[in-house]
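Letters are used for the chains, namely A, B, C and D, taken in the order the chains are written, and counting of residues starts over at 1 for each.
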Amino acid sequence: MYADSGFRSPARIALAIFGLFWIAVMIAPIVVIVASSFNPRHIVFPPEGFTLEWYKRAFAADNFVRAFFLSIQIGVVAAAVSAGVALCAAMAIVRYPFRGKGVVTQLLMSPLLIPTVVIGLAIYQAAITIGIGRSFLALTIGHIIITLPFPLRTIMANLQNTDPSLEEAAIMLGEHPVRAFFKITFPQVRMGVAGGALLSFIVSWNNYPLSIFLSTPEFAPLPVEIFFYLQWQFEPLIAAVSTITILFSILLIFAVERMIGLSAFTK
Amino acid sequence: MYADSGFRSPARIALAIFGLFWIAVMIAPIVVIVASSFNPRHIVFPPEGFTLEWYKRAFAADNFVRAFFLSIQIGVVAAAVSAGVALCAAMAIVRYPFRGKGVVTQLLMSPLLIPTVVIGLAIYQAAITIGIGRSFLALTIGHIIITLPFPLRTIMANLQNTDPSLEEAAIMLGEHPVRAFFKITFPQVRMGVAGGALLSFIVSWNNYPLSIFLSTPEFAPLPVEIFFYLQWQFEPLIAAVSTITILFSILLIFAVERMIGLSAFTK
Amino acid sequence: MSDSFVSVRNLEKRYGAVRVLKGVSLDIKRNQFVSLLGHSGCGKTTTLRIVLGFLKADSGSIHIDGQDMTHVSPRHRGIGMVFQSYALWPHMSVFENVAFGLRVRKVPEAEIATRVTSAIERLHLGGLAQRTPRELSGGQQQRVALARALVINPPLLLLDEPLSNLDRQLREDMRLELKHLQRSIAQTTIYVTHDQDEALSLSDRIVVMNLGQIEQQGSPHEIYFEPRTEFVARFIGKATFLDVTLDGAGADGAARLRTADGMEVHVSKLRRRDAVAHGGRALLAVRPEEVALASPGEAGAMRARIVEFLFLGNVYRYQLLLDNGSDVFLDSRTPLDGGEFAHVRFDGGCLVPKAAQ
Amino acid sequence: MSDSFVSVRNLEKRYGAVRVLKGVSLDIKRNQFVSLLGHSGCGKTTTLRIVLGFLKADSGSIHIDGQDMTHVSPRHRGIGMVFQSYALWPHMSVFENVAFGLRVRKVPEAEIATRVTSAIERLHLGGLAQRTPRELSGGQQQRVALARALVINPPLLLLDEPLSNLDRQLREDMRLELKHLQRSIAQTTIYVTHDQDEALSLSDRIVVMNLGQIEQQGSPHEIYFEPRTEFVARFIGKATFLDVTLDGAGADGAARLRTADGMEVHVSKLRRRDAVAHGGRALLAVRPEEVALASPGEAGAMRARIVEFLFLGNVYRYQLLLDNGSDVFLDSRTPLDGGEFAHVRFDGGCLVPKAAQ
């Protein structure tokens, strides 16, 4: 609550030093990979020169460009659907009582806790069983399942901060409950919906272990493409692609920050 | 706040039906994979028979058993260290003002938002640069970085619910601030620390894209082992291993639930 | 019952094993202002939500203006509601907030403009129509909530602790203004509050609730001066309490009482003497303003030791100790002059049956 | 200054562009009970936290018992502190909570037992020593917090809104008890509150703060009857305010005033007449209990229309309108008898300089 606590102690200084050290540990890998992407020949650090060659090649590489747009396509669909589903689920969980609420909430959140490799295998098996196999549909359903916890969390947080009597006031004035929801409650949580959708997109965009089960070589999202490429070649091209990916993520993080404040995500 | 809202509408019924459908979509993959693991010959659904053979083989497979214990070992170290780091970071973020608090918080949370494949590649490069290469140390540091957001979140939530004046009261009675923290504040957040450590363990246990960069064939955590196995063979053995993994995750989820309530994680 | 505009019959509500409403019945006449008064948890909010229709009672019925509303959905009950949090919509202007109920009713745009403007004027919000709720002070938000509820001319107005979020000065001003508004529009109103001052000053009738039951209903004057239960006597205002038996009574209202330990107590004007049979035990409640200083020899004068006093601005409140160890509270406009002891007499008082322990 | 036990000099504090403390100075004598009174945001909590040492002032100094505490860490200031939230440690018993300060001071175990037990007894917590804070009522928690602060015999006790989390009945009881405790231990105390009743009834001296400055310091009686600024007059208690110029004054305290629109006003006993030069403009503040009913022909009687009244239990508060349109508030023990008009006179009043707009 208050800005300065009015006393300094050796413990606080030690904490600060350790904090700076840890920040260095976290930043170092990113610095290394970004620096490597400007390296003329190999992925090494410190770089032996400076070139933008690999970025040119990255933008010219058909497979990466195709994977990039496929990733965006899947991400957009997954984000839209999972934000919609999450909105319904959040309303039910926060506002209405029903049996097994705890279990349902845990189930919807469980993709955060079960190994994605296992989820991928399971969805792959289920998809084969119902005959959709490795397809855009299966891939998208898989992405929706694993991205759902994120908009669910942001929207639930928004709803919990929204006074239920706002909607009740509209109902008491004669409005139909469904219209009251769209006129009154939805505008209060729309930032949570938008931010949650954006987070869904990011998670989908980043996902690799799930996609690997549900995609084919002609049909691979970016992280899968990066990974397969790495199995054959190990040149700064991949550092350039990674740097672009990181940049893209940072832009998205700023978008989330502007929209809902990162706190909705970090809390 | 109140149990029944006193009115029913077709919209609510539609919501309920859709909810049940979505739950089915989420449960189906797990049902398929678990059922497959009891299948005598192939991974197919519905199963063609019932056998526990694959479980016997799973427990006899040296590579899986070794990978299982390696995963636990890494998970325990990552959990302990990241809970400790998170406790310091959470205290600094929640209680003390410092320049760039927002940036530091975002940095600590960023592993949730950057593709793990990219993080893995970056850490691998950085590890090679400083000469620790693919090693237990590099693997563990990587796991600590990606697990850190989870205890940070639970501990921050706990701290935000802990009245700072509890600690101030001890200081006003003459206690040293560091001892006041351990005697007064730590007991208030210890469930968040324990729960956060458990979540770290789960995340580490589930991680695959990071481990793949930092491990070697003799030295691979369970998800990596599962994935490599799948590249060569595709028999119910892998369904049995997956089932065991899911069971293990569920047990851990219950432990978290008991300790901190899943809400600390889902909110 | 034919003259009751709102009739609530035998409401019962349980949450699991807890009976939160134990048969609450309530009749409200047309144009009456009725307060539901009680501590938090007494059941007043549950009653309110059942009347609104957001909560279903386990049994019991609600009629408004002769119509059975028990199973009618909240949107069709036509009740004007002011929530404790005001529940203004932050994404709409003051005008749009107030106009909402009229738009739902498909009132023509021109009429909406007139009616909203006049509601806004009546609540002294002129010039604020285009502001958003966040740009208003607490008191102004409160008025917007009132205007929004009143503009649809609801047959019944329901107010849930409308003043509890305001600070003290503003709360006192708004109390006066509410009373004034109430007098000018003569609106049938249910007012839910935990604040006895609000209930006393605004209501035609107060319903005191406790533990899911109605303890007493009556005019503010009755509730204050003639409490029927120990709970009401202790909840409303400050009082001196003595455990007594009725000893004798004169025709002029004077009475002689005896405390459990044998001390004789005179009360010049004893109210609710019939609350207890002659010789029966009861509680004597005396308001601080009914305790007067007496001369030592005077009839009914009791010696008391001065223990403590509080300066409250308009009055000094003294805590005194009778010889038998009972506390007596006395309000005086001037400080008592020095000395350890004073003599007091009871100019009034009220008998209340003792609550079962 | 040599007799001041606590001396706070010229505290200044900014947060960015906002000056939250604008040179606050404060002197507290040994054994004095001083209240810091003001709205939230007036700077009282900032002052408190600077005195505690959890916040550094931009400039200014703090001395306690002659020692410069300005740069001493909070743990070495030895101040006994009761937090608004009580700040009891939920994982320790009542005994352990109270014993904490003694353990830090390495007091022998036997002495701890005696001192803790006596502190617990003194605050009527006997039998609760082994409970945890969660098992206690709000009032009991409040007492534990007090016992914990007092057991170390602090040279200075600091209380931050200690009664604000209690409900009304309990708050009134605790107020009396605090006053009693205060009288029996004569402890130098700073009491931070926004509640004027608490400040008036408990304090030896009240410091009224507003916008980071001290508006007025004085005894409760002075603050209530002789406010020096318009803010204090409006903040403390209820009053009638009239915009006047001083017209003439008699030697007996009576005065003749004239309102801006020419109406003549008589006040029988005008306090703080020197607040304004003859002919200068000022604000006349009259307490509701200083307004009396008058007969129509009486000197100083003014005709007023009865606008509204509130029954407050012990008193009826009337809102009247003078012919010039000013509100007058009058407290009466009995309802005024019918009729639209009444005549009132001012038996007392106080002049206050008008605040700059």
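Details
Convention: contacts are C-beta pairs under 8 Å (C-beta built on N, C-alpha and C of every residue); 3 or more make two chains touch, one makes a residue touch a chain.
The structure displayed is predicted, hence computed values, not measured ones.
Counting only chains that touch, the fewest steps needed to get from subunit B to subunit D is 1. Here the chain pair with the top count of touching C-beta pairs is A-B.
Centre-to-centre separation of subunit A and subunit C, using mean CA positions: 54 Å.
Centre-to-centre, using mean CA coordinates, subunit B is 54 Å away from subunit C. Mean C-alpha positions place subunit A and subunit B at a centre distance of 16 Å. Annotation for subunit D: residues touching 2 or more other chains are 54, 74. Contact of a single residue of subunit A with at least two other chains is seen at positions 3-5, 7, 177. Those residues of subunit D that touch subunit B in the complex are listed here as 52, 54, 74-81, 83-85, 87-91, 100-101, 104-105, 148-149, 152.
Those residues of subunit B whose C-beta lies close enough to touch subunit D in the complex are 163, 165-166, 168-177, 184, 187-188.
Interface of subunit C with subunit D (complex): residues 39, 167-169, 172, 175-176, 179-180, 183, 195-197, 200-202, 220-221, 224, 234-238, 287-289, 307-308, 310-315, 317, 319, 331, 333.
Looking at the complex, you find that subunit A touches subunit B at residues 1, 3-5, 7, 9, 11-12, 15-16, 18-19, 22-23, 25-33, 36, 43-45, 85, 88-89, 91-92, 95-98, 102, 104-110, 112-119, 121-123, 125-126, 129, 141, 145, 149, 152-153, 156-157, 160, 164, 177-178, 202, 205-209, 212, 223, 226-227, 230, 238-239, 242, 245-246, 249, 252-253, 257, 262, 265-267.
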